[in-house]
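Consider the two complexes below, in which subunit A is the common component and subunit B and subunit C are the respective partners.
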Partner chain A sequence: MPDMNKQQREQLPTRSDEQPQSAIELPGMLLADEEGTTLEKRGAYSAPDARGPQDKPRGAWAEAWRELRNSPSFYVSGVLLLFLVFMAIFPGVFTNIDPRHCPILDTNQDPSGDHWFGTNVQGCDVYARTVYGARASIIVGVATTALIVVIGGLIGALSGYFGGWLDTILARITDIFFGIPLLLAALVFMSSVKDRTVWTVVAALGVFGWMQIARIMRGSVITVKKSDYVVAARALGAGTPRILGRHVLPNAIAPVIVVATISLGTFIATEATLSFLGIGLPPTEISWGADISSATTALRDSPYQLIFPSIFLSVTVFSFILLGDAVRDALDPKLR
Partner chain B sequence: MGRYVVRRLLQMIPVFIGTTFLIYYMVYQLGGDPISAMFGDKGADPVFVRQMREEFHLNDPLIVQYWYYITDLLHGDFGTSFNGRPVADELKRAFPVSIRLAMIAFAIEVVVGVGLGLLSGLRRGKFVDTLVLAGTLVVISIPVFVLGTVAQFWLGSEWGIFEATATVGDATWSQLLLPGIVLGSLSLAFVARLTRTSVAENMRADYVRTATAKGLPRRRVVTRHLLRNSLIPVVTFLGADLGALMAGAIVTEGIFNVDGVGRLIYLAVTKHESSTVVGAVAALVMIYLVMNLIVDLLYAVLDPRIRYA
Partner chain C sequence: MAESPNGATSADPRKIVKPVAQGEPILQVRGLVKHFPITQGILFQKKIGAVKAVDGVTFDLMKGETLGLVGESGCGKSTVARLLMNLESITAGSVLYKGDDLAKLSGRALKAVRRNIQMVFQDPYTSLNPRMTVADIIGEPYDIHPEVAPRGDRKRRVQELLELVGLNPEHINRYPHQFSGGQRQRIGIARGLALNPEIIIADEPVSALDVSVQAQVVNLLEKLQNELGLSYLFIAHDLSVVRHISDRVAVMYLGRIAEIGTDAQIYDHPTHPYTQALLSAVPVPDPDGREHRERIILTGDVPSPANPPSGCRFRTRCWKAQDICAEQEPLLEIRKGLSGLGAHDSACHFAEEKDIVGAA
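Right after this comes the complex of A and B.
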């Protein structure tokens, strides 16, 4: 089968170039990336409402929603995330203590009635700092994810929809950005910029974090653009913007949502890592990563100041990954 | 096959140039003036500054500076760090340590990761499976720097099970054991999950049913038929991961005081040692690109249905 060989030759390198940031999303990614021709056993990714003209357009989304409501991990992660987001928006509800009030005489205390999680080296209340630390982490996570969905979605959609030389150029650009690991790139970026704010962290992570979304979007758009309803829309005289906006994107977005949710957790972890290394959020910002870093010097005296922010950070990352897992299971019935 | 390798090697060129230029741009354009960075607050003698600017081609446009840099790089000259030592020497000293660390991490993630993945894939939906899924999710959720700090303090310093830090210069294997476990843990979780999905999916494949129907012992079905086919996606991940392990060691090497490439890069970044940063990252990118090519070729070996013309 010479034809088969040709297709495999063209597609396999693309697939093996994939850099799964996390293996949990890999099955969904493979499905989305293939055009359904080379890996028959996996089957093509079925676009959410490619099921038939009689179905209502939102049918598949409604089904995914029903699926989600039956999934325990959706509830666990949902409740945790609602709690964390609420804490990020209204930290004052959880504590009356000012996280920046640090009487040095209270240094390195163990947990007590006054200081639930103890105090840190400078005498600040660890509980208050942990509560207030949620805000920076969640802002960075959400904003970076929004940024990568825009950049990656745009690049992926353009190269998938138009193909040809545009696709080739965009694929090479994606390869270039893929060549540098995220943490390394962000580290160099953050050390180079003049002044660090929350938004420079978002920029650093966003500029070097969009590639996976772009590849998934590209594969997904290639699958969708061949479907009958896109051909029909074009036959009816719809213009490119309308076809892209009304038909292709809504149907190609499902795998992007999954990866974006999981990435959100990864970005929060990466921001904390940068702050831990002393090169992430500015010192004026209360950040779990920076607090964990300063806690390491006092580990022997009071390990609590390390443990509590670490637990909050890990639970936040955990919730987003769990939510992404649940969403993937709901959107991709094949994997169940 | 030969033509495919050549084509891939050619494709690597623009990617290599692009990636190194990106790093070069960030370090030299966003980073401010490298000469004034050498002098800190004191300020420098203007004559000397002019001389230095001339010597390092700093008056030329960035693209010309980059051209000088990349031609030197291709001749094996990674530039000179501010203390006058060639960056290539620093890399030669740091790489063996990082490679040793990556090998430990890699061995752990392959053996334990594939083992756990196979175990839970074969018993899908059972208790072991749930345990592995939950356990790996927890490991994925804990950032490496938390895991490293906690492991170093309790397993290393407090309980003395492992050695807590490595000697600068020449780290021994036993000193690298705990950092290796920490470094490999995240990928271990991914490998386990990937293997599980792949095994569980292939359990339903026709060839497994045929092999069982032929009367082959279960052991042989699992090792020769099921596992071999299930490992194809895992190998892809592992290959790309080997490059990432060396770069991802920034945090681990920092915590455990391992004198490898990660620590070299981190120290260089904080001290604005531009030439060391660019040189080390360029070396990592090269490793990473070559690993990707090897993975693609391995694909064809593992899956005879794939042929590269």
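Right after this comes the complex of A and C.
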């Protein structure tokens, strides 16, 4: 492993700092050792430094990134996700067919040269609809995850850091929300709003999906806030914003990132479920969930219109969960 | 220990050059008390008792001296450090820094005073933020107290500090995990020195380090004291390290000071039975001395600080205990009948010299 060499090369000169001393510092001689160890005599750091200018400092995040690049599941999920995200942003690159152009005469066709994935009951091209459907799923997944990280992270960090009555209240609120099933709550929420868009789905999933993040954040913050470097910062006179922003959050966020990445996939699946149930995105929007739903009526005659969006949905969810696993392994090897 | 070359402290050259500081006290601790409440109930908490972690500690820290604070685990040493650093609220008593009571100051005045008291932590592996570079760690004090160094000056200052503690100033962009334990502790010391404090509270600064590295760090602390005129409160449980660095030593037991005096007084002329028992447990490198010395073996455990014994805290394990020890709390004072180096503050009704280490 070339990286190992790099590491060793770095450590060698630093170790030698302490070596000239160790020979004379046996426990019993600690008292007798008065003059021999002054720093001036040692020339501690004047040892030639083997590091080249190309050697950049490696922080914990850089370590994690290095770890990620050694992980095959990161590459597999990364390539798949890049492809899917590109498809969501530029669907026109993948197909010239308008997904809303539905000649009813072409209903329920099998895959062919004209229609790669066949057509659905209204005669729309399933391939085009699958390509265009990626956008809704990816937006819902990413935006909902961002929302739960903000809500859950804030609530968890506050209750973990301040503790006391604030923690008691926030923890009870979290418990109450935990008692509400996500799908049921989202169903009620979606049926009570007039205009159903991607963003109402995001709001529904976000408002009822932050609890796990909050709990993880709370536990993580409690662990970090007891650490010596936080005490050291407080001893220096650092205020709460600095301690939270510079010391607690950067060290507490790793497990949250892991769980957020994994739950991203489940939010996409939940959005598809809502759309399948007819309460997610309106029929004017193109989404995998809605297409899977409408395909069930023609399942026996033309299974392709169900199979293709389902494969894309599964692959997307799978990719995010795989990415989450890779991120977890990189950020927190203890969780493995 | 008496057989080691500088066992007789009066013959120690360093101690002649730098006599025990007799100057004015820079930090006066008076009747310091910290009780941690024991509570019951979830929402409406009821106090059902208190852990008396520190229960009336009084001492002075002189300018330029090193005061060693020793005692076994759980005796309240670290709580004293946290109280002096204002990391815990003081239950009772006062901490006077040049006459200002830290417990009564707040806001800006407290921040200004606190700048002068800094801390070095025990574990160099946990006391440095793993996500910050050395430049950020040592430079952070300047972000918090911007009046100390102008912004443009900080990098140079950080590099000077690194050089001062014997690290390569070019390593400012490295992260803590790229350093060894001893080097990390040097970074911790540099952080403590950043604000030019007058007092450093070192809470077991070497006990997490390799024995081979301990002496380097202790010697660095001594060098810095000589160069910068620092006062140290050096907390440790390693008696030989404390003797090496301290001008005066205070022995703590169960939240109180049992005995306090110069290192010669404490090590060569201990009068408190607890100190004598502690010293008799110090390993003696010389096999001859080991055969001749007396070992005092204490029975029982340290009582719970939530329910300490009445009168003398040590009486439950003391071989000299009489009725008076349970009835009357022994004050920390010089006892009658003691002379010479034995005449120092000792909280025992039956304080009496007993040569432990020089028994041969």
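Please note the rule applied: the second predicted complex is superposed on the first by the 276 of 336 C-alpha atoms of A that agree within 3 Å, B and C clash if a C-alpha of one lies under 4 Å from a C-alpha of the other, contacts with A are read in each partner's own complex, and residues count from 1 in each chain.
The rule we apply is simple: a residue touches a chain if its C-beta (ideal position, glycine included) is under 8 Å from a C-beta of that chain, and two chains touch if they have at least 3 such contacts.
Remember, it's a predicted structure, so these values are computed and weren't measured experimentally.
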item: Partner chain(s) touched by A:V231 [first = subunit B, second = subunit C, both, neither]; value: second
item: Partner touching more residues of subunit A, whether subunit B or subunit C; value: B
item: First (subunit B), second (subunit C), both or neither touched by A:L80; value: neither
item: Which superposed partner A:A146 touches (first subunit B, second subunit C, both, neither); value: neither
item: Partner chain in contact with A:W61 - subunit B first, subunit C second, else both or neither; value: second
item: Which of subunit B and subunit C A:I257 touches, first, second, both or neither; value: neither
item: Those residues of subunit A which subunit B touches in one complex and subunit C touches in the other; value: 17-18, 22, 26-27, 30
item: Contact set on subunit C toward subunit A in their complex; value: 1, 4-7, 12-14, 42-43, 85-87, 111, 114-115, 118-119, 121-123, 126-133, 140-141, 143-145, 163, 166-170, 173-175, 177-180, 182-183, 188, 191, 195, 211-216, 219-220, 223, 240-241, 243-244, 283, 285
item: Residue numbers on subunit A that touch subunit B, as the complex places them; value: 5, 8-9, 12-13, 16-20, 22-24, 26-27, 30, 41, 172-173, 175-177, 179-181, 183-185, 187-189, 191-194, 265, 269, 272-273, 276-279, 289, 292-293, 296, 299, 303, 306, 310, 313-315, 317-318, 321-322, 325, 335
item: Residues of subunit B defined as touching subunit A within the complex; value: 4, 8, 14-16, 18-19, 22-23, 26-27, 29-32, 137-138, 140-146, 149-150, 153, 189-191, 193-194, 197, 201, 205, 233, 236-237, 240, 244, 247-248, 250-251, 254, 265-266, 269-270, 272, 277, 281, 284-285, 288-289, 292, 295-296, 299, 305-309
item: Residues of subunit A that touch subunit C when the two form their complex; value: 10-11, 14-15, 17-18, 21-22, 25-28, 30-34, 37-39, 42, 44-45, 49, 57-61, 168, 227-229, 231-239, 242, 246-247, 250-251
